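Reading through the C-alpha cells given below for one structure.
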C-alpha cells in the first residue's frame, strides 16, 4: 500500500498517468454536464417563486461548491507537501489555486446575476454565502500573490503552504462569522428556508451538474499540475529523456 | 562543550529578555509607538469628514469606523515586526541560538502588542466619545479591541514572517492578512454596535476571546515555521 | 572515532543554479576548516547550510556523529556565529546588546569588561551601536564569540572592515580558541594566519 | 422550444451558462499555454546541452 502510494507520488509516474486519466475524466464529465444543462434548462419545471431564473443554480451551486473544494484540496496538499516534503503535493497546491480562484469568480458572478432579478440588485451584502465567497476569493488572491512574490519555487511552495493552512483554519471561522453577522441583518437569502422539498426533476440535473463539474475540474487540475510537475522537474533525467525521446510530449 | 551540569539560559529567560529588549528599543524610539496611534486617530477622523457628521450617522457608523481604523493601524505597524531584526542580522543570531523560534515569535508578538495594541486601547475611548458612543459600549469596545488586537497581532505575525525579505512587503502583507482578519473585524464591530443599541452582545466577546486563545496557542508555531522558510 | 563536525554530499541549489555539489569534510577539535572561493561562490551559503538555515538538496551535516537537523537546539547551543551582518541593535548600547546575547547561548564566566578590553572597545561600552564604526562593530562581534562558551565557531569573512591590528587580533583569538580544543569554520578570501591544522574546501 | 426567453429571465440564465463555458475553456487554455511554454523552455535547454556534447 505504502509502496504504491510512493510510486503514485513519483513525478514521472504521475506525469504519465495524468495524461491517460484526463480523457477518462473529461468524457463522462462532459456527458453529465450536457445532460444536466439540457434537463436543467428545458426539462425541469420553473420554480414556483423564482420562475426560470432559478435555472442559474445549475451552474452557480456546482461552481460555489468547487471553489471551496479547490481551497481544501490546495490547503491539504500544501500541508502534505510541507510535512512530508512531497514535491508532487506542492505542485497540486500550485495548480489548484488559479483553477479554484476562477471557479470562485464564476460562483460570485453567477450569484450576482441570479440576485439581480431576485433582489433587484447585483450585490446583496446581507447574503452570507456571497459574502464568504468573496472573502474566499481574497484568500485565493493572497495565496497567489505570495507565490508570485517569491522567485525560488521551493521557497514559494513552503511559504504559501503555511498561508494556505492558516487560511484553511480560518475558512470555517469566516463562514460562521459572516453567517452570524448577516443573521442580525435580517437580509434576504438565496435558498428559501423550510420550503417544499425540491422536485426530483429539478434535483437530478443539479446532481449531474455537480458530479460533472467535479470530473471536469479534476481534469483541468491535472492538466495544470502536469505543467507544474514538468517545471519543477526540469533538471531531472526523466524530463531530459522525455524531451529527447522521438515521440516527445506536447 | 555542553554538559548537563552547566546552567543553560532557559526558555523563560529568553522570553523575558526578548520582550525587555523590544520594549527598550521602543522606549528609545517613541515615534514608532506613537505613529500607529496617531494613524488610528487620523483615520477615524476621515470617516465623519467623508460621510457626514449628523448625530445618528455617527452613532450608527462609530463601531465600524473605530474597528476599521484599529485594524489598519495594527496592520501598519505589523510590517516591521520581524523586518528590523532581519535587516540588521540580529534575527540570524536568534535563529542560530538555543532559544526556540516559536518562543521568539510569541515574545515579539507580546512586545508588539504592548507597544501598539495597548496604546490603541488607551486612546480608543477618546475617539469613541467623539462618535457619541454610550459608556457601556465604550467598555465593550475596549474589551473587543483587547482580544481583537491580540488576535490580529498573532495572525499578523505569521504574515510578517512570510513576507520578510520580499519586495513590496507592506502591500503583500495587507493582502495576506486582511482576509484572515475579517472574522475579527466582523465580530468586533458587530459586538460593539449591539452594545451601543442595548442588545445582548456577550456571544461576540466569547468568540473573540476564544479566537485570541486559539491564536496564542497556534500562531507562534506557524510564525516560526514561516520564519524558517523565509530564511531559505 | 567519529569527527566532531562532519558533512557528506552537501549539495545546494539556488533556483536553477547549483552552488556546490557533493561537498564533504570531517573536522576534529583544534582544527580549522577554511572555505575558499571567489565572491558569489557560495561560501556564505555553505555556512548557512551547516547551521541549518538553508535546506540542502542532498547531504547532511553531523555533530558528534548525529545529524544536526535532529538535534538543532543542542547544536545551536554549541556554536557561535560571526555573520556578515553583525546582528546588533543600532539603538542599544554595546553592553545592552551583549547582555541580550547571554540568553542565546551559554556564556563563559569571565568579566565582560576584560573581554571588551581585549578587543579594544571597552571605552565605547556606553555608546549606542550606531555610533561605532564598521570595524569597531566587528570587534564587538568578536567579543560576542569570546563571551560564548561554545566549541564551534563559524566566521563569515571575519577580517572584513578590520585594520592590521584588528586582523592580528582575529587571528590571535581564533588560534587561542583552536588551541583550547575548539573548532572553527571560516569563510575567507585572504591569508588567515592560523597555526592550527587547516582543512580547505574550495568552491568555484 | 419556446423556453429560450424564459419569461424574460433568459438573458440572465444564458449569460451564466455561457460564462461557465468560458471559464472551462479559459482554464483549459491557460493550462495548455503554461504546459507548452514550460516544455519549450526545457526543450531549448536540453537540446543546447545535447548539441554541446
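Lettered A, B, C and D in written order, each chain numbered from 1.
One rule holds in what follows: contacts are C-beta pairs under 8 Å (C-beta built on N, C-alpha and C of every residue); 3 or more make two chains touch, one makes a residue touch a chain.
Bear in mind the structure is a predicted one, so any value in this text is a computation, not a measurement.
A.B. asks: In terms of Cα-based centroids, which chain occupies the most central position?
C.D. replies: Of all chains shown, the one whose C-alpha centroid lies nearest the global centroid is B.
A.B. asks: Using mean Cα positions as chain centres, tell me which chain lies farthest from subunit A.
C.D. replies: C
A.B. asks: Can you compute the centre-to-centre distance for subunit A and subunit B, using the mean CA position of each chain? Integer Å is fine.
C.D. replies: Here the centre of subunit B sits 32 Å away from the centre of subunit A.
A.B. asks: Find the geometric centre of each of subunit B and subunit D from their Cα atoms only, then give the gap between the two centres in Å, rounded to an integer.
C.D. replies: 42
A.B. asks: Counting only Cα atoms for the centres, state how far subunit B is from subunit C in Å.
C.D. replies: 36
A.B. asks: Go ahead and note the Å separation of the Cα centroids belonging to subunit A and subunit D.
C.D. replies: 15
A.B. asks: In subunit D, which residues are in touch with two or more of the other chains?
C.D. replies: Residues of subunit D touching two or more partner chains: there are none.
A.B. asks: Which positions in subunit B are in touch with at least two other chains?
C.D. replies: 232, in rising order.
A.B. asks: Could you say which residues in subunit C touch two or more other chains, in rising order?
C.D. replies: If we look for residues of subunit C contacting two or more partner chains, we find 55.
A.B. asks: Can you work out from the touch definition every pair of chains that touches here?
C.D. replies: A-B, A-C, A-D, B-C
A.B. asks: Which of the residues in subunit D end up touching subunit A in this complex?
C.D. replies: Against subunit A, the touching part of subunit D is residues 1, 3, 6-7, 9-10, 12-13, 15-17, 19-20, 23-24, 26-28, 30-32, 34-36, 38-39, 41-43, 45-47, 50.
A.B. asks: Please name which positions on subunit C make contact with subunit A in the complex.
C.D. replies: 14-16, 55
A.B. asks: Any idea which subunit B residues touch subunit A in the complex?
C.D. replies: Listed in rising order, the residues of subunit B that touch subunit A are 155, 158-159, 162-163, 166-168, 172, 175-176, 178-180, 182-183, 186-187, 190, 194, 203, 207, 211, 218, 222, 225-226, 229-230, 232.
A.B. asks: Which of the residues in subunit A come into contact with subunit D in the complex?
C.D. replies: Counting only subunit A, the residues touching subunit D are 37, 41-42, 46, 51-53, 55-56, 58-60, 63, 98-99, 102-103, 105-106, 109-110, 113-114, 116-117, 216, 220, 223-224, 226-227, 230-231, 234, 239-240, 243-244, 249-250.
A.B. asks: Report the residues of subunit C in contact with subunit B in the complex, numbered from low to high.
C.D. replies: Per the touch definition, subunit C meets subunit B at residues 51, 53-55, 73-74, 76-79, 81, 83-92, 96, 100-107, 149, 151.
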